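Take a look at these structures.
You will see chain A twice below: alongside chain B first, and alongside chain C after that.
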Partner chain A sequence: MSMVRPPALERAPGQARFPWSHVAGYALSIVLTLAAFWAVLGHALPTKPLLAGILLLAVLQILVQLVFFMHVGQDSKPRYHLWLFSVAMFFFVVFVVSSMWILTFNTPIS
Partner chain B sequence: MAVRMEEVLSRRTGDPSSTDHPGHRLELSTEDGVTKIFGFWMFLVSDVLLFASLFATYVVIYTHTANGPSASELFGHDVSGFLAETLALLTSSFTCGLATWEMHQGRAGRLKFWMIITLLLGLTFLGLEITEFRDFVSQGATLQTSAFLSGFYTLVGTHGAHVTLGILWMSLILYQLVRFGLNAVTARKFYIVGLYWHFLDIVWVLIFTVVYLTGVM
Partner chain C sequence: MGDSLTNTAGHFFVTGDPLIIASDVAIVLVSLGIVFTLTYFKKWKWLWREWLTTVDHKKIAIMYLISAILMLFRGGVDALLMRTQLALPNLGLLSAEHYDQIFTTHGTIMILFMAMPFIFAMFNAVVPLQIGARDVAFPYLNAISFWLFFFGALLFNISFVIGGSPDGGWTSYPPLTELQFDPGVGENYYLLGLSISGIGTIATGINFLATIIKMRAPGMTLMKMPLFTWAVLGTCIIILFVFPVLSVALALLLIDRLFGAHFFTMMYGGNPMQFVNLFWIWGHPEVYIAVLPAFGIYSEVVATFSQKKIFGYKSMVASIMAISIIGNLTWVHHFFTMGAGPAVNTFFSISTMAVAIPTGVKVFNWLMTMYRGRITLSLPMLWALAFIPAFAVAGATGVWLAEAPTDYQYHNTYFMVAHFHQALIGGVVFGMLAGMYYWWPKMFGFKLKEKFGKWAFWFFNIGFYVCFTPQYILGLMGMQRRMYTYTADMHWTALNFVSTIGAYLMGIGFLCIAAQIIHSLVHMEKDLTGDPWGGRTLEWSLPSPAPHYNFAVIPQISDRDEWWERKRRGEQDALKPRPEDIRDIHMPKNSGVPFLMGVCFFIAGFGFTFGWIAVGAAGLVGVLLCLAHRSLDQHPDHDIPADEIRRTEAALGRL
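Moving on to the complex of A and B:
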């Protein structure tokens, strides 16, 4: 078993010495979570705007994960994964929203 | 294993620091790494579709409680439980990000440290979830009780199964890092399990919002 040594790693000029963007992402995700939690428990808004509000907070939270932790959009290669994830999110919304929509018809089967 | 790693390393596309990617993106320093990370994003898309169908099922049937407990009765009496689960998983996603950052600095020791913290937080999450499920079942809320509960256990349980797999997977990568050190292959493997871990956090954010918060509203 030969040992494979990693190549010498040079710190790129201007590269942060502290993972500030990760700390910022974590702080944002905690704030977004607690905001949604307290909005719901405190009944901050009527039901429909509240639902829209917490869904918006969830979408922001997902963007925080994607940008701060999964580094989407920070690669200089063709951004295949950005397109792939956009397609996935599109399918997700179609699956869930169309299932809810079709049930709003609520017509009995004759 | 060693033969394969050497073969992969021999296909290195030269000095990584001379490409578009700075030298610290070790996982992207080989053709093999770039291809496999791309392939993993394709897997994540199919996993999104799995969760999309489970979410669609849940939102359609969650009001069908068949005289069993409703979402607000079940989740409302102890909101600290699912909040703790959420904070544990959010923090583990952060520590997993720190592990990736340390890997990009070439510091294998700190990478392993943050991996262990991430694994411990993952186990904490899993423990809280198992306790929650056991609590619900002891109140008579089982998988068979109602359509709502079938949808709930299937959706949240599938996520829990993913976390369980993630813990086993990351433990094996940790073992490989200890055994083989940080190189283009182990860097790619850790980067991929890290993507998987962040993805599970994204799914949990949706479960937290759509299942738990909507449930107690």
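Moving on to the complex of A and C:
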């Protein structure tokens, strides 16, 4: 019985299966990144639809990270997770939305 | 690209400047000295087995602490060079370019390679002991964090002898730092050094978050946690949310420089202000990352040396959490003058002032803890006392700077320089020194002697005010930051000269600390009690230094100041292990892979710095091999037999 690793983080013996979900998540995140890169580099769409497109890819990327790597919703006691997840989402929205707000330069000086 | 390559190859070794040649000589001599000493005393194996491969949080703490003190020395020498250059008008000690490099390395080193490892030294030395755990949640990852910090810092530091130092300021704003305006390799060193150590920092944040949430001893509910541990929890939350933003900003700028992208250029749709925005989304919370652990230390120190329970524990916890949320919402005050518009500036003005409220609550709580306490003026307490007025001034001037309209006057003047030094020295450095003195016996098994320590305290403190008070006035007189010289008719000479005297007094203070450490090593008095200060929390229930498994038997917690309460009830022996309770302990094995991974990152960073893509890629392949080695390792841990633990505990007189 490990005292160093907390039980929730411990790899139980005999359960060392091949981590298919991690590999799938890894492949998906690379595909999504390359798709965004290709779309921007090759000017695949006019500017506005292009922006909407890479934004959509970014949201998909977040979902992939959450589901495949952070195992959202797989814990038996989701209290801490829910707290941290809400805080993370809060900061995510704040950082993105206010960055857009700040860099719009809604001012006569600019 | 080809041109710049031959150019950089020609300037591979920095030559010409006598200061740098002297540094070269010093580096070679010190390295030879270290190699000779290790060989002469046959210590290479010891170094590898006991230190380079360790995953023990207590040893990692010591390595962080040594790195932090060395970096404090280097950053301090940078500071003295700058102050010497500015002591009188029109001095020629440093050229404009050299001065630019020095203020860049001073700022970057002090924040990222001095303050950060110092707080991580405290995290590692204290948190597992304070919560009754045997190590952190991921000890192997903890070692990786340290070696990434170490090699990131090394990469940054070799810039001044190989290739040239960065010179774009510690904030590294584009377009100045784009390839077009800043061709050499210096800026690449900055970007890669910070990126590599940044990965380690994020990992540390995750590690301690998991440790604190998952590994507390039974009975230690969140509201029974010591305040230092609470502060670390708050710090880790901030690290987790803002350090990735810095990594992204640095990576985008690196892609601009290495691969010709245009994220932050003036043309092709790039926007340099986006870098500024991203940098400060990290940069402001970074202040709280550095100061929250210091707040935690003050809480422990003030309670211990006043021999009183901390006043207002719950409001302290609420303040830490409030700071770790509100502190992330204030970053625009660093660039009010960008002109984002009145609504934006008003919002961030108010949020900045709001952060002063929880901070004020904490200061009053410390004062109320001292009120009617039985105060002992030991070194940790002296530094904690000195912190309060220093930080009050920093907070007050901070509120002035937070007002957007007046900030247009103060922005980038010495007023602002004095303000943030007051906050970071008065808040963070005083706190880290208090913590170092406080937990030194726990880390090393002996106390630091007071003699030179008191000298250090007074030199450093008086020097601190002599250095920075004139800078407020200079700022109001219009002196801008980062000026490498000024003319006599500005009437800044007297104040600058006084400020330089203060800087040298602080330098003497630092030397006194070094003398104190050496003096205490030579005349060592071992701490045999394990509790030299009359401590309150669990770490003082262990011998100094703690055995490598920390707790032979994990204690059951029932009170907030568990150790203090047990002593008060005369039950402290109940925390000693009973032989029949001792079982085999499961511990992680030492491993050289984290160190090798650091080396691989270093090679990758060095390659990309010089635009040698093949070298960079080879380094990254090495990193992947290290990761694969760990993934395929079936036995990363081992058991310490109960008999061995009984012998160790008996030798410590605890059975």
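By definition in this document, the second predicted complex is superposed on the first by the 80 of 110 C-alpha atoms of A that agree within 3 Å, B and C clash if a C-alpha of one lies under 4 Å from a C-alpha of the other, contacts with A are read in each partner's own complex, and residues count from 1 in each chain.
Keep in mind that, in the parts below, a contact is a pair of C-beta atoms (placed from the backbone, for glycine too) under 8 Å apart; a residue touches a chain by one contact, two chains touch by 3 or more.
Keep in mind that what you see is a predicted model, and the values were worked out from it rather than measured.
Q: Which of the two partners, first being chain B and second being chain C, lies in contact with A:26: first, second, both, or neither?
A: first
Q: With both complexes superposed on chain A, which partner does A:40 reach: first (chain B), second (chain C), both or neither?
A: After superposition on chain A, A:40 lies in contact with chain B alone.
Q: With both complexes superposed on chain A, which partner does A:101 reach: first (chain B), second (chain C), both or neither?
A: The answer is second: A:101 touches chain C but not chain B.
Q: Answer with first, second, both or neither: which of chain B and chain C does A:87 touch in the superposed model?
A: Both chain B and chain C are touched by A:87.
Q: Looking at the overlay, does A:65 come into contact with chain B only (first), chain C only (second), both, or neither?
A: The first partner, chain B, only.
Q: Please name the chain, chain B or chain C, that touches the greater number of residues in chain A.
A: Touching more of chain A: B.
Q: Would you tell me the residues on chain A in contact with chain B in one complex that are also in contact with chain C in the other?
A: 1-6, 8-9, 80, 84, 87-88, 91, 95, 99, 103
Q: For a test of understanding, state which residues of chain A touch chain C in their complex under the given definition.
A: It comes out as residues 1-6, 8-9, 80, 84, 87-88, 91, 94-95, 99, 101-107, 109-110.
Q: For the complex, which residues does chain A have touching chain B?
A: 1-12, 15, 19, 22, 25-26, 29-30, 33, 36-37, 40-41, 47, 50-51, 54-55, 57-58, 61-62, 65-66, 68-70, 75-77, 80-81, 84-85, 87-89, 91-92, 95-96, 98-100, 103
Q: If you look only at chain C, which of its residues touch chain A in the complex?
A: Against chain A, the touching part of chain C is residues 134-135, 137-139, 210, 213-215, 237, 241, 245, 271, 273-274, 277-278, 281, 325, 328-329, 332, 339-344, 554, 585-588, 637.
Q: In the complex, go through chain B and note every residue touching chain A.
A: Counting only chain B, the residues touching chain A are 2, 5-6, 9, 15-17, 20-24, 26, 28-29, 34, 38, 41-42, 44-45, 48-49, 51-53, 55-57, 59-60, 79, 83, 86-87, 90-91, 93-94, 96-98, 100-101, 105-106, 180-185, 187, 195, 198-199, 201-202, 205-206, 208-210, 213-214, 216-217.
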